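Here come two complexes built around chain A, the first alongside chain B, the second alongside chain C.
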Partner chain A sequence: MEKMNDKLQNTAKELLESKEVNLIIGFAKGSNPLRMRSVFITDPKDAYKISFNAHCVQDLAVFLKKPEVKKFGKIGIVVKGCDEKAVNTLIQEYQLSRDNIKIIGVECRGAIKQNLADRGEDSVKQSTVYDKCLACEVHTPLLYDYLVESDEPAFEITGDVKPYAKIEELDAMSVEDRNMFWQKEFEKCIKCYACRQACPLCYCTRCIVEKNTPQWIETNIEETGNAQWNMIRAYHLSGRCIGCGECERACPVNIPLMLVNEKMARDVFEKFGYKSGLDINAKPVFGTFDANDFNEFIK
Partner chain B sequence: MARIGVFVCWCGSNIAGTVDVKRVAEEAAKIPGVVEAVDYKYMCSDPGQNTLRKMIKDKNLTGVVLAACSPHMHENTFRKAAVKEGLNPYFIEIANIREQVSWVHEDKEKATAKAIDLLKMMVEKVKRNKPIEDVRVPLTKKALVVGGGISGIQAALDIANGGVEVILVEKEPSIGGKMIQLDETFPTLDCSSCIMTPKMVEVYQHPNIKLYTYSELEDVSGYIGNFNVKIKKKARSIVEKDCTGCGDCWNACPMHKNVKSEFNVNLSERTAIYVPFPQAVPLIPVIDRSVCLHYKKGGKCQKCYDACGPKCIDFDLQDEIIEEKVGAIVAATGYDLMENSLYGEYGYGQFKDVISGLQFERLLSASGPTEGVVKRPSDGKTPETIVFIQCVGSRDPEKGVPYCSKVCCMYTAKHAKLFAHKVHGSQSYVFYIDIRATSKGYEEFVRSTMENDGAIYLRGRVSKIYEDNGKLIVKGADTLSGNQVEIAADMVVLATGVIPKKGSDKIAQMLGISYDKYGFYTESHPKLRPAESSTAGIYLAGMAQGPRDIPESVVSGSAAASKILGLFSKSEYEVEGTIASVNKTTCVGCFYCKRVCAYSAISKEEVKDRNGNVLKVVANVNSGLCAGCGACVNACFSKSIDLKGYLDEQIFAEIKSLAV
Partner chain C sequence: MEEKYYEISSDNIEKFINNLVEQNNEVIAPKDKDSDTFYDKITNFKDADLNILLPKLSFKEYLLPKTETLFEYSISGSSINILDSLENAGAARIINNGSGGSDNSGKKGGKKIIFGSRPCDAGAGPIMEKVFNWDYKDEFFNEKFKNLYIISIACVQPDNYCFCTEAQLSPESSYGSDILLKKGGSGYYAKVTTEKGLELINSSSENSSLFKEISKEAFPADKDWKAAFDIKKTQGFLDKNFTSNYFQEKFLSCIGCGICTYTCPTCHCFDIQDEGTNEKGRRIRNWDSCQFGIFTLHTSGHNPRVTQGDRYRQRLMHKFKIYNEKFNKYLCVGCGRCSRNCPEDIDLKEITSELSLMENSGEV
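For the complex of A and B:
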């Protein structure tokens, strides 16, 4: 880890000193050793604060949508492979210019679930990492300006691993049962919109839930409005969600939002052969008008 | 406060027979905001419109709902009536209780209830209407015609004669299209090139027509009145202004007998530098670089250059992109014939004397490979017996296309007739499914081929053709007599089905017009707007729309021209104001709208502060291009786009009105 941190800190320092960027967003040690937090560095002297380990869970790309960050212009960001896909999507959707971002990619071996870390877990294992890490295809980020290699070995995967196994269980249910399942989950929703705030791709300045002429989504906390909010959010992320899992992590009432997002991602891949966040020049799947569509009606 | 007037139309018994119009009016009167609701026998009649106008005036209406026929029928009628009383035309709403209620339901009780529901929705909608102004766009009074066949030529000439500049683009080295390949034309047997060449020359000499041959459409952007087109003028390798068309170059070309002539449908050969036919317009040769020795052998051969008096051959000429701005476009891309090879049982390609109808035209033609003497391709002998097979590919959903190619019945009759005229004592057999001869003089023409020229018509299909001792043995069924027939023929002519020109789909995509599942361009309305495409400012002509004969192609060319001259007679063009508009405050510039817009109507716009600093980039709708389809409205995550006349708020109110 020390070697990684040295390289991270040096890269950050150089970037700031040479004024190639005005701000570096990275991870720093938090209040307890098994919690990492975000850090915003503008002074090269502070670069020593940046570090990385298996507790760096947060998707820092979420800050790129914030006006108080945007005003810095040229920004450097420390990202894991999964988070980097969010950067790609932001570029793809014109929210970020490739010229204004320096991507410091870190090779990630998996992030330890925070609830376990809070109880002292400090080793990266099949049983301790997030579901997204089990199916991770981007331990090394797809796009970067600087790469910080990991000096840790990859964790071993044994047996038949099924990330988000609940999805198959839900698929097998009758429509009524599935509906019941989600109704129960959404019942818990308190409309705090933490899912939206934590999401790097929820960048609308006026969210649909805030539109009141007409009122698309009931804002009070009740069955219809709760389902509307969560489903509309899922639709808005289908074909876009890069699976960082921040919404689920932010949810104070533990709604398993990643089951919806992951299900949507799987459907999009199955129907359209598209995976989000892989290519900054790709046409987003739901923003594509193509005369070669397999559906005859479009021609 | 809304003051809505409701009018329930009987449409005679069309509506009133199935819907209790009195009750609909009574129920309408109870809806909050409705000041008066009446029923009337024919709202579209003069007295009907006067009732409408009188109520607008007397009751000071702020909105009107008509429960009547489809808005496609009389929306305009009522809008105009409203405008006369000073009401914005978009405050007229129509609940369609004819096509959507009375014509599709039988139960009067339920139909009436549905009519009331539809009416309620429209009342709630019209309460939330906002005045909309139509959009005026300037017009560039210049037209582009794509395709130099007979329909394109006719369109170009009519537009040019109307005093408007025309650009005519033709892919081949000469204009003339398929018609110039034909021999004599049914039903009057006038020689095709005799009636076609004067028109071709007229195009060439017309001061208002700019002709680009050997050129293709490369790109089209813009909208009605304001199209920007890019034309690729392929390198001809000839300096056109210096060429006299003397022919010294192609006579000097060593590549004679090596390349199949496209014009003679592979029945003769041409040189590498060539004009497709002697009356080509323009009479300027082109070098086919794919076969020319100069290009293939590193510049060694330059016999044409040596032979050329004015030295107008330039081997180094490059393709050129020409940009033009036009206000209207005619798509007249024409047709191709289906591949005969689809029908293995007919032996096309296998037996030299099984040929297509278009090849037979060339054999009949005085300018053809045999100078008009009918000779078979295999040994040059004059055939005495010819079997003609109709519907090869047409009306055959299994192997070909389900539609009728329309011209084959007539040209086959013509072929049989001309064959009888040219080879005395010869015999024709025609296998057919039905004879379709429905225009002026057509039925008489076919009859005369049978009765005066002795062609034997057999109703049935051919199952097999094989060669035996220099003859083609044609086996088929005569379904009228119920007998199997076997004919020993010298030649077989296949009346192959018509399909859209290869590449016409690409042109359609460039132009943003729609086409059917076969690839034929679709009209804006099949009966009432047959010359218009689905996109404003783009018109259709000729076989690109579907099979048709020469007179129909000429008519369609003229129709497209008259539409364009009509369009250009005004100083500006008015577009319906029901277009998308962007809330620039809430737009975050993700441009999903731009990606899904089929009309390229959305562009990026920078929002700046007073010092000129860019605050953000947002979507902007080009009002001339927007067709009001609403795709962008759907794509917008933050609901920052609304469609004027169909605001989200209005749609919500409509749906809510149905809640019980």
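For the complex of A and C:
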């Protein structure tokens, strides 16, 4: 069988040579052997730079919102299953035309947490991958134009695996204690907005925090401003977040943002039977009304 | 001041730091938090984690808080009351990074002491001070700078993202430190370059007895740290190639998150905002970043820095050209935080070195 990286490179090369796309966004070697980074390829001769491994932590779909990238027109993108859901959502929300994107889906066996990789971790195991990988249902992306199979075996999961186990713990807390927990987390926030920038679905040209007539969100980097920002970020992504976890990975002060996102996703599924990013033709859950929707919160 | 040199055992350093805590000072050191390390207040020497290279964020917020109140106002009937926040600038309203919240416990009269910082972080203080004093004297900054005492520990083993030597410091530089410690002997050797450093050592007779004065010759010489590239060449490239396509291509991968600037010890841009109602409120300044599109957005709608390439170029220009032209120093201490923390793996050492090579080869 064709090796993964060969197939990736050949696919990219052919797409560029045939001018089906003007740009390929893929992964390439990063600043150290255990880091990968994005690469932007326009010349078929450079396709050899593309590769994939368990250190490909970034969600490359984030670049599809950048005006500098959009101007390339037809784009080919290398995506893991989780990241591909972001492409689906962008299409679903009319931010991207299906005709303008060639999806090179890679079969992913799990991504090693970057903070562990930075300390030398190089093996894919239950204890080294992100929580999203433990519950992954899209090792093979849902939608693709080309599929590149993995050379690696799946990692073994033993015992009772509970991704984002802290959510149940938080659910069991009193409102006051839960509030205290989040207050403490949000106090760490330095409002660099990396969570927003790293999110493939935070694509507003002017974010609500940048609007000041009226000033919806306080600008201070203190308790009130931080809480408001983190709340609004969560709400704007509920029913939309596809769980790539980039916000949490980017956060320089380690706020467990995926607990918020995952909790919202679970609630949306429970109340509306909807999961984001699965179907480019589905109506966004908060963009539609159904008389049978859960209404008990209206009092 | 003439430099002074001392020797101090490991046990005595512990005593010294604990004494400083007991003498009503606020001591801030690298501390474990969320399986990372951040600068935070310690109440005992043992809280400090001195084994790591660098905390995830710098201690910049102790000089330039994330949010700083400049004044508060209240209006009642026809009387308007304005409260200048400067008097509190030195001691109060320190926001602890990591462990949270406005911490007003900064004991009155005590000093703020950073212990266990690295020469790169220490170097950032005087570099920022130049900006905050070149025309307008920023009293808020100066008040804090005056009250911050720096005890740093020289590095033995920089990592691949470090480039302090290239940035005209070194892993053993004492620039910006009041006391620089070097491991060796029965514990540490100490080099004291400022009156503030002496003030700490002589803060009690017990403290001064912990340090044994030695001659300059007895203090271990710095290693011969070699720069991997010439930063002047980097500046040379920036001087001539403002319109180079390098910036547009290289920073396609930049998502404009601002982490590089927020975790940088020398980036100091802030945004002034008013918060409040018709009755009361305050004027504050918040951290800001040149990596944000809105940073240069004019009211007219025009934006002189349109692309992320334009914005990252600005960061490079400011650090390695503009600041140097004014102050003959670089606005970068080579700590490598921007590279380690960048979610897209943009490596500043790689870039500055690449630019210096391009300058060498005349490539654009």
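By our rule, the second predicted complex is superposed on the first by the 288 of 299 C-alpha atoms of A that agree within 3 Å, B and C clash if a C-alpha of one lies under 4 Å from a C-alpha of the other, contacts with A are read in each partner's own complex, and residues count from 1 in each chain.
Definition applied: contacts are C-beta pairs under 8 Å (C-beta built on N, C-alpha and C of every residue); 3 or more make two chains touch, one makes a residue touch a chain.
The shown structure was predicted, so the numbers you read here are calculated from the model rather than taken from an experiment.
Enquirer: Are chain B and chain C a fit on chain A, or do they clash, once the structures share the same frame?
Expert: fit
Enquirer: With both structures superposed, pick whichever of chain B and chain C touches the larger number of chain A residues.
Expert: C
Enquirer: May I ask you to decide whether A:F286 touches chain B, chain C, both, or neither, giving the answer as first, second, both or neither?
Expert: It touches chain B, and chain C stays clear.
Enquirer: Output check: A:C56 vs chain B and chain C. Expected answer is one of first, second, both, neither. What do you get?
Expert: So A:C56 meets neither chain B nor chain C here.
Enquirer: Report for A:M36: first if it touches chain B alone, second if chain C alone, otherwise both or neither.
Expert: Only chain C; A:M36 stays clear of chain B.
Enquirer: Looking at the overlay, does A:Y193 come into contact with chain B only (first), chain C only (second), both, or neither?
Expert: The answer is second: A:Y193 touches chain C but not chain B.
Enquirer: Regarding the shared-chain residue A:D118, is it in contact with chain B (first), chain C (second), both, or neither?
Expert: After superposition on chain A, A:D118 lies in contact with chain C alone.
Enquirer: Per the contact definition in the header, classify A:E223: touching chain B only (first), chain C only (second), both, or neither.
Expert: In the superposition, A:E223 touches chain C alone.
Enquirer: Just checking: does A:E93 make contact with chain B only, chain C only, both, or neither of them? Give me first, second, both or neither.
Expert: In the superposition, A:E93 touches chain B alone.
Enquirer: Could you state the shortest Cα distance, in Å, between chain B and chain C after the structures are superposed?
Expert: 7
Enquirer: Pick out the shared contact residues on chain A: the ones touching chain B in one complex and chain C in the other.
Expert: 206
Enquirer: For a test of understanding, state which residues of chain A touch chain B in their complex under the given definition.
Expert: 93-95, 203-208, 211, 213-214, 216, 236, 283-284, 286-289, 291, 296, 299
Enquirer: For the complex, give me every residue of chain A touching chain C.
Expert: 30-32, 35-40, 58, 62-63, 66-69, 115, 118, 184, 187-188, 190-194, 196-198, 206, 210, 215, 218-223, 225, 246, 249-250, 252-254
Enquirer: Applying the document's contact rule, which stretches of chain C touch chain A when the two form their complex?
Expert: Against chain A, chain C makes touches at 33-36, 38, 56-57, 66-67, 95, 97-98, 100-102, 160-161, 248-249, 252-253, 255-259, 261-263, 271, 273, 275, 284, 286-287, 289, 292, 294, 307-309, 339-341, 343-347, 350.
Enquirer: Quick one: in the complex, what on chain B touches chain A?
Expert: Residues in contact with chain A: 505, 509, 515, 517, 585-586, 588-592, 595-598, 617, 631, 635, 637-640, 648-649, 652-653.
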